[in-house]
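Presented sequentially are two complexes of chain A, the first with chain B as partner and the second with chain C.
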Partner chain A sequence: MINEAALRSRETDLAVDPLASPASEPLLRVENLSIRFDGAPKGINVVDDVSFSLAKGKTLCIVGESGCGKSVTALALMGLLPTPPARIVQGTAHFEGKDLLGLTERERADLRGNSTAMIFQEPMTSLNPAFTVGDQIAEGILRHRKVSKTEAWERALEMLRRVRIPAPEKRLRAYPHELSGGMRQRVMIAMALANDPQLLIADEPTTALDVTIQAQIISLIRRLQEESGMSMILITHDLGVVAEIADEVVVMYAGRVVESGSVEAIFEDPQHPYTIGLMGSVPSLGRRQGRLATIRGSVPPAELMPKGCRFTPRCPFAESRCATEPPPLVEATPKHHVRCWYAPLEQHRGAVS
Partner chain B sequence: MIDKSETILEGIDLVKHFGGGGLLSSPTIVRAVDGVSLQVKRGETFAIVGESGCGKSTLGRLLLRLIEATAGDVLYEGRSIRSLSQREMRRLRRELQIIFQDPFASLNPRMNVRDIVGEPVALHGLAHGNERRERVDELLRTVGLLPAHADRYPHEFSGGQRQRIGIARALAGEPKLIIGDEPVSALDVSIQAQIINLLEDLKEQFGLTLVIVAHDLAVIRHMSDRIAVMYLGEIVELSETDDLFDNPLHPYTQALLTAIPVPSPVNRTPKPLLQGDVPSPTAPPPGCRFHTRCPHAKALCREQHPRLEAAEGGRKVACHFWREIQNAGAGSIAAPPASPALTKRLELYRTWRDRQDNAGASGC
Partner chain C sequence: MLRYIARRLLIAIPTIILVSVLVFTLQQLLPGDPVLTMAGEERDPQVLAFLREKYRLNDPIPVQYFVWVGQVLQGNLGISLRTDIPVLKLILTKLPVTIELAIFAMIVALAIGIPAGIISAVKKGTAVDYATNVVALSGLSIPNFWLGILLIMLVSVQWQLLPASGFVPPSEDLWLNIKTMIMPAIVLGTGLAASLMRHTRSAMLGVLRSDYIRTARAKGLLGHVVIWKHALRNALMPIITLSTLLFGELLAGAVLTEQIFTIPGFGKLVVDAVFNRDYAVVQGVVLCTAVGFIFMNLLADILYVLVNPRLRHAR
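What follows is the complex of A and B.
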């Protein structure tokens, strides 16, 4: 705890953690996480000073576009980041009294698939084509629990029932290629939940799926979460999915958190120009209201990343100060943080001259 | 002025079956497209929507004769394109173009951008030498790329830029109709919006007709004038866009609309969801193909195949009971209005964004 206090006093402007209070210690607290890839220009971290926390039973969505560092953050938490080239420059991730980033390989392996688990975007590439579904679910159970093979298979069957796979006895002996995309994602979820994890990290779990199947999987995940009380980090680029499932939202851009807060705060009162631009880029489901607002250009490559706010080259509101001075993540309203010099915009940028 | 009532492209009873052919191939037949008729009007944006495996991409390719139909015909400006010779067809391709989903796979990695975009110009003998150079530069500017980058190779560009290259190539022959096969679904949200706006601008500028094949219903609602909904190789509903979203007639359309996650956390009510997966197109269910997943299915649906019949407002629907199930507009989408704070800031964003475009060199 001393360590944490020290960290906090050092970075006072990074008032991190809207949920932390002595009464309810969050399940996971990530603080000042920075990750660097070897070969990247000096001082440019692929994940830069990221902090967030997750309460028990809650869902945190990390939103952002390709390359914003959302998946790298998740892989770091799971201890799945290949080192080299990736290196954790600084930061901690407290989970059940341990720092996930400081564990030995052995300790990580004990945790992974047990109290923390992860599901991925493309279920076909994450399942082994040479083994049956039952084998693959049972493997995780045998790794973490002292049970016989028969018991593990029974548990696997129970898991297939829990994820509502029809004819589970038959599916247990099926190979991944014999299943549809939606069924494979259900199998992935069954594998991840087999040991009743407290933390599930889902990296774009529905992106590869059709819209009706996506709706099934989202409703399944939500129901399983209610049943088990686990916490979840869901990584997505789809604001619709965020609105459906999140309690808390972290918006990332080019490796940094640009805005964070409750899902209501983010959708009702978005503050950062990137969040606003993102919402304007999504076509509305209602009647057409003119052209889409767009964000100009694309994310700059690492060697052209500005020293200050990384959104500067694309931001309509940017000024010379933005390019050189990185804005701090400040509290806009209680528990709603934004990293912009000019938030709220109507105050600082309202007078259209 | 474009006459929007005139049909530019028409598919008549199009059928495409894959497999079941040669001595060694398997006897299973995939009925990718099974008796589809539609008319695309000049100057409109026509959308073909459906889930994976419904045959929407195959239909798009049939309409351009990129693959040969098993049966049926395609009329372009009243003329059958299935009876054209290879040579005549090649000449016609100037007018009928396609943009693909994956900008990474659809550009030749060993050609630079000047050659990629210049190839159709050369092929159709539209310009030579210096004139061709200028034409390519002009095309690149049209799609928001810098002519100075014409000597670069596809791998040097981002996904959005590659899609722009694909669009420039499609425009090179001065087409009248462009089919976009999931043109934005591989792109990030902010890039997606740029490409959607670009396509709309180009359509306006060149008087194009667009046929968009896609699965993202929000994109489709934003872009298109009319929509055909496909399920297992058939059109189940065809309608004007607003009518379809306000009052979907077919139970599959209703289910599709219900399944879209609405980007507003205000009213999270559990929704009635479609159960199960799409059956295999190798063995479509008898009767109505949707009956295995339809919440309204009755005995008749299992036995008799519903025809695509006319409904009010020029709409078409293939369901025995579409009149009976129209209680209280099931599945219609009520997108909650944006919050006052978002509306205000989005307006501010647009104002400053316009200024950014006017001030900056390369607005995209």
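What follows is the complex of A and C.
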């Protein structure tokens, strides 16, 4: 059994080994990223051994319930985590050949809002109430480009047009409180894209918005991505959106990647009990729409985190070994990785019965 | 904006009326018959009756109140019993001195308190934060008179850099006037800097946690822009509130410092009046202070609008 585990983990190593596929170097390659917060129990990382990569022009969706470490991962990539209390325990994040996590704060700031950009979940509070929309967009342009103030404001106006804000000339001089949530999120998008980033990280950009606005914002982001050819990491709860726009999917549970692969693989052949739970039923073909299904129970707090598979307390397939030995991330089918002792489930169940 | 200010002014009116009623009541409650005081040795009932009639003391109290308000509105605050000088004139000669001192003290307080508060918020939990807090706490606990005497002994007596006391009107010698203001302003200002620092620190800590600060950093803005532009602007409201309150207190409360540096200001006027039971002066001073506070509040309201665009559109 131990040999089998060793064998499987060796496969994993091979699968994430960058040397294995030197032909197409991805835009972003995150490897073995682990983050902990000061005060958390010893050895419990909020983000644990997370790896994924993203090719140029592609979209990676990260899904998982609240508290699974999606935002912490995204903020760490942007260099926006407060350190302390957060600490990067290990890992690298190569972006255009540089390890983001190894840069100085100044070098990171030079990238932020320039070649990497981020939009957030809370449009209502993410804009500074004391400054006009135009000022807030233009200052990001002035920070990274050698342009005059007038040119920066012209660019800001152009960005407001591109995010389809009505009466953009007027909105340029508006304060955030004069705009609705949807409009504010458009402003955030305009701000993020003003310097033509190669990577956009969108952390649940529609969760706080009215249902009617959500689809508009998603299709706007989608269209802007097609226009610019940038890569995107989209964190979302909406499986319909994932099915529609993702190329790759990463499923996170309690800080770990439990399943990752192409959108087809994840939707047509989900392997991990958690992924299956999220989709609301046993594995079957065909894409599902709508929000994540609710799974009984909740993500355990750090103090109660099981030593083995973190999904053990909620897993209908859990067996004694799950609680004590953490399963490795193994390649179930080519480019489709699963972190479960009993994947693929069909085979395993078949063998049991 | 103008409508906003007009509304603030209207709101101030009931406060002013309440203050005037209180001051008037105080006057009624004072021991002794004002007519007897005025008449001095004279005890002729006819004279007393004449005086009573002249000052309308036989009228019902509410009527007397309106008569008094009428006089106050005309600038007649009565006459100092001890010096025979009209109270308004006394106040007008002393108040500018104290206002000048208060302005200098506020400059010292703001120049120390705000940067110190920002630094300790940004460096929260580090040695810098603790050091700033220790210094601030000592600043709060050192009594003004002690710091004043210390400064006089060092700066004036030992090093002979600044005059130890006395006051020169700016019209006479501006430079000398400023030199006499420096030490009292430092004494008053450092005391206030400590509480300004603590308020700035907590306001900044709140603001630094907010989402728009994260957005500012996500744009790649450098630390000083994030702090001095994005954060400070939003932390200013409580700082303004406190500053205007402190300024109001400086006007009435610089008594001890004015005594130490023998500055003929408002504080000294109050002390002299209280000790001499010069009630007319006390009353005028109370009225003046109350109006001053109301004015400072109005100033704060106007400053709020300048830093917070959301208020500009308030009804």
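The rule is simple: the second predicted complex is superposed on the first by the 317 of 353 C-alpha atoms of A that agree within 3 Å, B and C clash if a C-alpha of one lies under 4 Å from a C-alpha of the other, contacts with A are read in each partner's own complex, and residues count from 1 in each chain.
Following the convention adopted for this analysis, a contact is a pair of C-beta atoms (placed from the backbone, for glycine too) under 8 Å apart; a residue touches a chain by one contact, two chains touch by 3 or more.
Note that this is a predicted model, so its numbers are computed, not measured.
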| item | value |
| --- | --- |
| Residue contacts with chain A in the superposition, chain B compared against chain C | B |
| First, second, both or neither for A:101, with chain B first and chain C second | neither |
| Touched partner set for A:241, first chain B, second chain C, both or neither | first |
| First (chain B), second (chain C), both or neither touched by A:277 | first |
| Which of chain B and chain C A:187 touches, first, second, both or neither | neither |
| Partner chain(s) touched by A:113 [first = chain B, second = chain C, both, neither] | second |
| Chain B versus chain C as contact partner of A:140, first or second or both or neither | second |
| Residues of chain A at both interfaces, chain B in one complex, chain C in the other | none |
| Residues of chain C that touch chain A when the two form their complex | 210-212, 214-222, 225, 230, 233-234, 307-310, 313 |
| Touching residues (chain side chain B, partner chain A) in the complex | 51-52, 158, 160-161, 188-194, 196-197, 200, 215, 217-219, 221-223, 242, 245, 255-256, 258-265, 268, 270-271, 273-278, 333-335, 337-339, 341-342, 344-346, 348-353, 355-357, 360, 362-364 |
| Residues of chain A touching chain C in the complex | 78, 80, 106, 109-114, 117-118, 120, 122, 125-131, 136, 139-140, 143-144, 175, 177-178, 188, 191-192 |
| Residues of chain A defined as touching chain B within the complex | 65-66, 166, 180-183, 210-216, 218-219, 237-244, 246, 263-264, 267-271, 273, 276-288, 291-298, 316-317, 344-346, 349-350, 352 |
